[in-house]
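Chains: A, B and C, in written order; residue numbering restarts at 1 for each.
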Amino acid sequence: MKEGIAGCLNAVKEKTPLVHAITNYVTVNDCANILLAVGASPAMCEAVDEAFEFSQIADALYLNVGTINREQQMAMFMAIRGASLKGIPIVIDPVGCAAIPSRISLIRKLSHFGSFTVIKGNLGEIKALAGVAARVRGVDSLDTGEDGLEVCRHLAQEFGCTVVATGPTDFISDGRRSYLLRNGTEMMGRITGSGCMVGALAAAFCAVSDDPCLASAAAIVTMNLAGELAAKAPGGENPGTFRAYLIDQVSLVDENLIRKRGQIECQ
Amino acid sequence: MKEGIAGCLNAVKEKTPLVHAITNYVTVNDCANILLAVGASPAMCEAVDEAFEFSQIADALYLNVGTINREQQMAMFMAIRGASLKGIPIVIDPVGCAAIPSRISLIRKLSHFGSFTVIKGNLGEIKALAGVAARVRGVDSLDTGEDGLEVCRHLAQEFGCTVVATGPTDFISDGRRSYLLRNGTEMMGRITGSGCMVGALAAAFCAVSDDPCLASAAAIVTMNLAGELAAKAPGGENPGTFRAYLIDQVSLVDENLIRKRGQIECQ
Amino acid sequence: MKEGIAGCLNAVKEKTPLVHAITNYVTVNDCANILLAVGASPAMCEAVDEAFEFSQIADALYLNVGTINREQQMAMFMAIRGASLKGIPIVIDPVGCAAIPSRISLIRKLSHFGSFTVIKGNLGEIKALAGVAARVRGVDSLDTGEDGLEVCRHLAQEFGCTVVATGPTDFISDGRRSYLLRNGTEMMGRITGSGCMVGALAAAFCAVSDDPCLASAAAIVTMNLAGELAAKAPGGENPGTFRAYLIDQVSLVDENLIRKRGQIECQ
């Protein structure tokens, strides 16, 4: 299994997938830089007149509703249709949907324009999307519960896709197979954008794999291992420095590190 | 007085206030990261269809017109009304209003949809808002004059709120009581976003205090002390490194530092 | 020639030109910080109702279509007209035009509202704009060909302006005189925003010089030399750290460094 995960990472570096992202403007720079760091190629294109065409030349589409506005919303409908027609993997990040219920409707409406490959949120967001009571503060999840896997499994079956719920333990399920990932650091919660960056990476990894469940696990393990190293480096206990180190370390994760440090459980 | 200021900082860390920010896209990432660094929870939500509802679940609202566009403008009217109905503190940052007079009209129009708790700008912006001749270059103030306190006091009386004018000396007044703060470093003028970050912090501090004048002073002292430490750290004399260290240091400011280093004068 | 280039850099530091930028939201923070680092003053103002007036008080206008949307597009038409009426230098950055052909039409339409001073893109973008076959991946150029100078020269003659094509060798031509610049580091391709930052710097340099060809060369040499130093500093081989160091080093480039390390060929 670790071979498969390392294989995804190597494939990203080899193939340099082009990731079309329509994402929030808070962390868009971090998303672009982490995609470059892992070996992918980012392109943020969100004009309503360009999104349909651009998603058709991309290798994956990443949609993040964190600061959705009217034009972004229209662009997402265009992009998801374009990606869908070309069979390009689509990763959706329902940021804030637990605090802003209208985003749940938006996500569901988007799903009628193309099939999601992966839904990735924090546990609070995934619960909200699944109609389960969630504990959140704004865009942050206060939920850490071990019922996460069950919720992922159900939502995966409903949408017919892979579902990822991040947290102290990360849960991934495609409805049948599941992963529990136990790497990471609490420092990732002390900067903005950790979740967005993981979502962008998941899109890059799905672009080079036929197995979105494994590819998502590979993206998250890569991010989590990078986070662990960044937090341990001198100064990495402080958020401003940690943020720079996190990008550094994502560029350095390799199969040896995954083999040695990855805490991955498959069910 | 230093006890009150340290008390505000501790209350932020304890209560993790949710700050709803509609802010410029140049420094939005810095604002989110500095809010996390101080112990608050940032949420940037600016869809015109979401802003009214979201401001009602937040603990404070921060509005910054730095890159105002049409949708943001509409969202601000919605958010300020929502916040006002719930009695949530509202901090407004009139970025660039000295160079772009239409922003003065916008600020005044916004004030009819809800009462500002704090108006925070650099001295040039505060003067422009008060109708006093100001020396600016684009969004930067070239004014350092000691008439700042007088201008703050008048504007505070006009709007019935606290007014903050930042600069080498920071002036704060609620029309009766005033603070003069003399910490800080010229490095804060060598990166973009220092002013925006202070504004976002002021919103977080107002969320946990009944005294906006004191809370604003606490936010600025926290930022200024962090700036002093960041500038003195190895490499902190250079802007790229300073920017990362500033976020680091904001997470480390505590009551001891405020007591030892804070240069705060109350009038 | 190196004297002229160093002279531009010194003039920026002395005159602090105000650069009005309407640019993509991925790298806008980097653009603002690098302008401050070199000694210029950034102002990002893109409201359709403000752009005409604001471009008239600025010293240069920088337009970057990287994440163009409808309001930005309208604002660009307003700003370019305003700048043109005042004779303010206009630098246009056709990000992504090789992958998104509608951006070529947009650039050409913009040129009817005001004369460009400089067109700056990577080689793939410049080729696409010139109607020559280009190899790109999204916003990145895969072209390094030595035909770059020829393409720049032709495009410069067509538009009657200076054209810059960045890459391992940077080509600059105003149709008669040309520069080939051979500084830089591959690290600049491992972060997002290198191209945008160079474009923003070019605008600042054009603001203080009557010679846009020389001013563009000065901007690129400044950036490339800073990149070389940043890459060599401890940790600079990693992208997150490199990004901070790059801003640091731009603030430190001076005439001595240009004289000692600049690899500049004039034809």
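The criterion applied here is as follows: contacts are C-beta pairs under 8 Å (C-beta built on N, C-alpha and C of every residue); 3 or more make two chains touch, one makes a residue touch a chain.
Note that this is a predicted model, so its numbers are computed, not measured.
Student: So chain A and chain B are the same sequence; what rotation in degrees superposes their CA atoms, nearest 5?
Tutor: 120
Student: Are the two sides of the chain B and chain C contact the same residues or different ones, given that same means over half of the numbers occur on both copies?
Tutor: At the contact between chain B and chain C, which are copies of one sequence, the residues are largely different (under half shared).
Student: Using mean CA coordinates as chain centres, what's the chain B-chain C distance in Å?
Tutor: 32
Student: Indicate the residues of chain C shared as contacts by at least two other chains.
Tutor: 25, 29, 71, 243-244
Student: For the complex, which residues does chain C have touching chain B?
Tutor: 16, 18, 20, 25, 28-29, 32-33, 36-37, 41-50, 53-54, 57-58, 71, 243-249, 251-252
Student: Where on chain A is chain B touching in the complex?
Tutor: Interface residues on chain A, with respect to chain B: 24-27, 29-30, 66-71, 73, 96, 99-100, 102-103, 137-140, 190-193, 235, 238-241, 243-244.
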